[in-house]
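Structures follow.
Each of the next two complexes has chain A plus one other chain: chain B in the first, chain C in the second.
Showing the complex of A and B:
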């Protein structure tokens, strides 16, 4: 993928992360008091709420893509060689896939009644 | 007037393990520049000081160096504007040192050349042997004019934090020139240049620190050119050009 496309992804996920994280903080810090928000029962009920589960999955993907793409950019500036570039690019995709899969697993287990 | 303490970084890569600082007392005179002080030190105190200079009027870009920690042209920096009794002179950062204040600009010029800093025409024959003049509108000239003032001194590149870590990054000078030619209405090679810049070490590695524009002795704003270049690289095309109007000057009548 061209670097301009990856940077477009970076900018879009940055804006999306600000919107989603703001909404999340308002919901979990202002509308619900923080101490209630982090209680186990409340977290489970949030996970099992369809709208919020989709919202959390979106937040997970957006933040991880933005974060790992940012790390990729930093790593590309540290060292310059074709193998390094390839390893960093492949490593970034793998890291995003693993972390998104792990986060999604937590949500899925909670939604379907397993122990999250 | 009291003497000035001129502290010069000395380093010969073939003889020295690391750079050392040497101090020279220089008698001040009115209107003295850092280059004048260095030439006084070299002519009367130590013939072995190596420095590069030529025009002495900020036109050739040869005497770029770090003066009191900031990249400047030695010929364009008055001692009076620096103030204080001591002036520390070091070679530019981000370049290999050939000797003392002389840095190796080979990669700098290679990156400049990579950007194809010349007008490209689709018609090769016309490019090599233009049949007429190509006119620009004043508004079109305005867009690129400041970038034509670049004297390739390397100060912007020496101040760039990305160049410090990414040796493949073209640097602010080369990128500003890429913008200058890509935006020229007489040029037809804009897309080719944009393609060149859309890589992992291209235009996107500029983080807009702005130090290049801050240190430019000619008032060029490379950081602006790079940000505008990003917009065109993102869209994948240079802005619509009406195309330069061919103008055939009248043949003088005898």
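Showing the complex of A and C:
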């Protein structure tokens, strides 16, 4: 993907992250008191609500794409060469895939997994 | 100066960030945008790890009240809350300053270029960018105070 397109991805995910993270913070300290928000029963009900589950997955993808693409931009600023660019780009994609997969696993197990 | 020598001088890499000599507000904002960005990503990765204990951690198979209680016993204390307050502080600065960067990227808060005169201040930056940086700092501090009240209110 062209660098200009990747910068556009960075800006779009930035705006999306501002909206989604703001909502996440409101959920953790405004709609519910913090101690209620992090209680087991409340989190289970949040994960098993379709709207919030989709919201959390969107938050996960947006924040990780923005974060790792940001690190990629920093690393590309530090050094410029063809192999470095390739390794950094590949590493970024791999890091996004692993972390999104791990976060999605938590969400999927919370929704569909049996209680321990 | 030879081309190679000139390129080497321009490629100071991360050392250039860490040299605050002749920094202005915009340059400090550039520095902190990157530092806070990396810090927030580190927190997010850690947060993925701690929230995974809701389903029993890396080897879990479903919601686990005991694993959630265990991870809560590690992070739900004054030190953990202090970390969260710092996260909120840098998150809000990063967000507001990020909006400034997007507006600048699309030319919405840039002033018209002008002739370069002593003392060679960058005239294209203007007052609006500095104002947003200071608003970002104020919003970040206010958000950190809010986080303090939210987190420590529940500890009593």
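Keep in mind that, in the parts below, the second predicted complex is superposed on the first by the 113 of 116 C-alpha atoms of A that agree within 3 Å, B and C clash if a C-alpha of one lies under 4 Å from a C-alpha of the other, contacts with A are read in each partner's own complex, and residues count from 1 in each chain.
One rule holds in what follows: contacts are C-beta pairs under 8 Å (C-beta built on N, C-alpha and C of every residue); 3 or more make two chains touch, one makes a residue touch a chain.
As the structure is a computational prediction, the values presented were derived from the model and not from experiment.
*Asks:* Answer with first, second, both or neither: which of chain B and chain C does A:78 touch in the superposed model?
*Replies:* In the superposition, A:78 contacts both chain B and chain C.
*Asks:* So in the superposed three-chain picture, is A:4 touching just chain B, just chain C, both, or none of them (first/second/both/neither)?
*Replies:* In the superposition, A:4 touches chain B alone.
*Asks:* Thinking of the overlay built on chain A, is A:64 touched by chain B (first), by chain C (second), by both, or by neither?
*Replies:* second
*Asks:* Could you figure out whether chain B or chain C reaches more residues of chain A?
*Replies:* C
*Asks:* Hey, what residues of chain A end up touching chain B and chain C alike?
*Replies:* 7, 77-78, 80
*Asks:* Where on chain C does chain A make contact in their complex?
*Replies:* 11, 13-14, 34, 37-38, 40-41, 44-45, 48, 51-52, 54-56, 60-69, 72, 76, 88, 91, 95, 98-99, 102, 105, 146-147, 150-151, 153-154
*Asks:* With touch defined as at the start, can you tell me which chain B residues reach chain A in the complex?
*Replies:* Where chain B meets chain A, its residues are 162, 165-169, 198-202, 204-205, 233-234, 236.
*Asks:* Which residues of chain A touch chain C in the complex?
*Replies:* 7, 11, 14-15, 17-18, 21, 25, 28-29, 33-35, 38, 40, 43-44, 47, 60, 63-64, 67-68, 70-71, 74, 77-80, 99, 102-103, 105-106, 109-110, 112-116
*Asks:* Which residues of chain A touch chain B once you look at their complex with the stated criterion?
*Replies:* Within the complex, chain A contacts chain B at residues 2-4, 7-8, 73, 76-78, 80, 85.
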